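Two complexes are shown next, each including chain A; its partner changes from chain B in the first to chain C in the second.
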Partner chain A sequence: MATKASRSAARLMISPAVLLLLGWMLVPLCLTLYFSFLRYNLLQIGPTPFAGWENYYWFVTDPSFTAAIKNTLVLVGGVLAITTIGGLFAAILLDRPMFGTGIIRIMVIAPFFVMPTVSALVWKNMFMNPVNGIFGRIATSLGFEPIDFFGQIPLASIIIIVSWTWLPFATLILLTALQSLDQEQLEAAEMDGAGWWNRFWFIMLPHLARAITVVILIQTIFLLSIFAEILVTTNGGPGTATTNLTYLIYVSSLLQFDVGMGSAGGVIAIILANIVAIFLMRMIGKNLDA
Partner chain B sequence: MARAVSNRTKGVNTAIAGALGFLMFFPILWILFLAFKTEEDAIRAPLEVLFGSGWTMESFATVQARSDYFKHFSNSVIISLGSTFLGLLVAIPAAWSMAFVPSKHTRNVLMWMLSTKMLPPVGVLVPIYLIFRDLELLDSRFGLTIVLMLINLPIIIWMLYTYFKEIPGEILEAARMDGATLRAEILYVLTPMAIPGMASTVLLNIILAWNEAFWTINLTASNAAPLTQFITSYSSPEGLFYAKLSAASVMAIAPILIMGWFSQKQLVRGLTFGAVK
Partner chain C sequence: MGQIQLKQVSKSFGDVEVIPPLDLQIEDGEFVVFVGPSGCGKSTLLRLIAGLEDVTAGSIEIDGNDATATPPAKRGLAMVFQSYALYPHMSVRKNIAFPLKMAKMDQAEVDKRVANAASVLNLTDYIDRRPGQLSGGQRQRVAIGRAIVREPAAFLFDEPLSNLDAALRIGMRLEISELHKRLDTTMIYVTHDQVEAMTMADKIVVLQAGVIEQVGSPLELYQAPRNKFVAGFIGSPKMNFIEGNEAQKHSAHTIGIRPEHIEVGDSGPWKGVVGVAEHLGSDTFIHIHDTGLTDPLTVRASGEVAFSYGDTIHLRPRDDRFHRFDERGMRIA
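Moving on to the complex of A and B:
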């Protein structure tokens, strides 16, 4: 069907998108790489000499880097555990017959549409504040000492806030996948005497395996870049207790104006994200062929 | 074959799922509620606020007077609509040609476009910030619109591609056999079939752009600041004024919450790049 003329027309139609994305990817990427090898601070006027691996060396040996890597892993891992397991539970629950399905689903999914700065501030002030927050009130009225969330368990508090945003995402995707499961297969298994657990373990879970992988991979890409929630609640503190890699790079580049150091951190973040991306791309690529 | 389910089972399911829904929705419900209270009422114990206080609209007025909501709202609208529109302009021809005139490179091009989305924003923060500074694009609506267009472009192209792919080629052939010109073919056959997919794409991208909080915070100060940035001015100590924080939050999320409810299905497709349908 495709003639030579339509092929060249197609190439012409696709070129703006390709050129834009190419520019968007290559120009900043090359600059980041270039800056990462310079001694370059915006506060110091003068030449920006070549620094070799100096920036990488200082960035990686700084104690806050180790802390940031640890915090990033805990943050991503914690949110993934809560949202995947919780999302699986919620999806199975929402897939069962009930009254008012539409409204209940909307209520579960709504948090995903709340912008990160709003959810962080609302949780921090109205729920996690030890004096006036709802959790504090409940604890006090039951006779317990209220938890000072951002003083005592800052990273866990951020995990809770972020999980609230992403649980709906996991639920929605797993629910969509669950709805494509053949009901007759489940009924047949039930008639053969398979209990709920066996039906879950041998039919539902294998059917959902692919969707669960997609949830984990996509969330990881987004969770590695968590920024706004930290900025408006803790500013990375107390100390470096809630500084993740993204926030650490933000601090060195836009607060300390150390372009060289920030860029070295940026290169490291890109490498880390790429490790996850390779797996995700492979999954999506397979789907494209099918 | 659907099984008959007793009302009792349905009732139990409804109760459990309803409890989950209530818990998830509660923070939104709570700010919606506190936004209509006075500052003194808002910090009283939850049950007292619930049953023993009047209603007022004053917080909304205070928020507008204190931080100019309408300016930030219009920035959000301009930036999210603008970036989506520009994105469509570039994405429609690209997705169209890949879906209807595929070549042996199509798959690689699609995968490469997707890979640009995997780039962590913080990895290119420094150069983008410096480029924007030198071009005097910091704190400009135009600059931010371009950035949001670029970060969402892969999603727009992918979504459109998966929708266009579903339009059967035979229909085009049938139209051509009936003597339709190329113009008629595009206008009367393709466009009507492509519109629902395009509408979903637009909806999802407005939501993503509205809630984007990395570039909007780092590249704006006051002039071009959208609602994501506007709300940061309510972090402590202003955060302790619950009624004002609630009113500001409600005003920031309400428009997109309503849109979001209409786009649940498209959300799955758009955010998983077609891997889950």
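Moving on to the complex of A and C:
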């Protein structure tokens, strides 16, 4: 595949797929951009005049926008912290040879295959419900006041639910990376006088740097758009306590039927996501080369 | 100091006894080579001494102190692994400094020792590179550098040269021998290559299936192998073994004669047909069949002999160089 002819033939043959994908991406993007500059509310019949930057202005100055940005960051940051640190811990435990490794690994990965709506409902009704949930029951039986998870610590509750879904993903990637670590390196370090912590810090962690980067990048992309868990449990509330950017866009366009405003939010979300992506790539991307 | 003594040490993995109980004494400053075929337990024995594996029974003493339960880091031994086991994300400098850093040595002393090791091993020009940017021989030297900065009581090498090409292997062999002379520290060296064992060792330990077959200096093993296994393993090309009538004449079950102790000429008690001849320039190894003996022979002749395939030649073994073995393969004195 190195001659000129074969290369141009290859280009010709993949071009339909590239064009299709490009259209697939560009058409909705352009439509969103277009709508975001219109005064376009589904409840108002009539013309949809050009509105300039009005939609953007109102979307950004809305107090719930600031709250949504903050919630998004806390949600993403919290889940990332829990899943990477917890995943590291779990991977190190699972890396040891033990009885029934195969079954335990399947059990560990299982939560990842549960749909977000289902897992959120299970958590909401069976675990976090102050009256019927397991946590409530335990608290009551021990004589404590049960926590009303979605009333008192709504955002933390959602972080817990999402972390539960993503922990297996992080664990699995980190476990795979850990298993590719040359055991002789650990033995050499042991002979060099490194205790467990030093071996972890100087040998395992640098070895895992790349895998950790992958976990963080992939998770960030998905966590920025968390939606189902919020819709099923708190509907963004109380107030705007659990409204993230995705949910705010949903509220604007599908609860208030303001297509223009929702589109403006969408464009802002795209820009923010790209800023985060560039920022992350810069910060930890250097781990990916070499 | 670096005197190591194994007393009735054995090792089993599950039900499989890899090393039956053995005793071994290693003196301070000695260069000891463990040699034996692949899978005979050389690495396992070395790892037992290092403390990377627990002994199943028996005890290990280092400088007279029981070290059986001492963790590897506290035994004062340094190991060079077959895969080198360098830390890939650290520069050469950091790799070599790592054991000192773990010992919390002060930075000035660390710098001094690292610079010293680097100059001894010709690594000064590469000191800020990562292992991935080095050649096999350079990596090998970094691994040795990491071992020498600690000034250990003994060095343990596990087949350190097996990943190098032939020319480099000979060079590194010399360097390691020279290092031993200069440091005068105990070294235990594992290899499956009897040439390495013969050229480097003060004392060779020949292992087979975890059992020590013989311990001795290279010449002792060459001149007086205790059994057929050692006789066949030490020396290249391999010793010729002959059974049957010819052995009966020497009142032995098997007799052995090394290829270099058979002369080729126009007369002699044996004769045979020339098969393949391997010309090395300095020597020629001639494989001879149809000898009328129980086995074909290999003979070492001078480099300039000119025999062709199919020639019939006469052979004269040197009578004082026969090794005699009984039915169990043990040497008859």
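The working rule: the second predicted complex is superposed on the first by the 260 of 290 C-alpha atoms of A that agree within 3 Å, B and C clash if a C-alpha of one lies under 4 Å from a C-alpha of the other, contacts with A are read in each partner's own complex, and residues count from 1 in each chain.
Note that in this section a contact is a pair of C-beta atoms (placed from the backbone, for glycine too) under 8 Å apart; a residue touches a chain by one contact, two chains touch by 3 or more.
Predicted model, so just to flag it, every value in this text is computed and none were measured.
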First, second, both or neither for A:L255, with chain B first and chain C second: neither
Touching partner for A:E184 - first (chain B), second (chain C), both, neither: both
First (chain B), second (chain C), both or neither touched by A:L73: neither
Chain B versus chain C as contact partner of A:F99, first or second or both or neither: first
First (chain B), second (chain C), both or neither touched by A:I85: neither
In the superposition, chain B vs chain C on chain A residues touched: B
Chain C-contacting residues of chain A that also contact chain B: 184, 187
Partner chain A, residues of chain B touching it in the complex: 1-3, 5, 9-11, 13-14, 16-18, 20-22, 24-25, 27-28, 30-31, 34, 43, 45-46, 90-91, 93-94, 96-98, 100-101, 103, 107, 109-131, 150, 153-154, 157, 169, 173, 207, 210-211, 213-214, 217-218, 227-229, 231-232, 234-236, 239-240, 242, 245-246, 249, 252-253, 256-257, 259-261, 264-265, 267-268, 271-277
Footprint of chain C on chain A - complex, ascending: 182, 184-185, 187-195, 198, 202-203, 206-207, 209
Of all residues in chain C, those that touch chain A in their complex: 50-52, 71-73, 77-79, 81-83, 85-90, 98-99, 102-103, 146, 150
Chain A - residues contacting chain B, complex: 1-2, 6-7, 9-11, 13-14, 16-18, 20-21, 24-25, 27-29, 31-32, 35, 90, 93-94, 96-100, 103-119, 121-127, 129, 132, 134, 137, 141, 164, 167-169, 172-173, 176-177, 180, 183-184, 187, 210-211, 214, 218, 221, 224-225, 227-228, 231-233, 245-246, 249-250, 253-254, 259, 262-263, 265-267, 269-270, 272-274, 276-277, 280-281, 283-285, 287-289
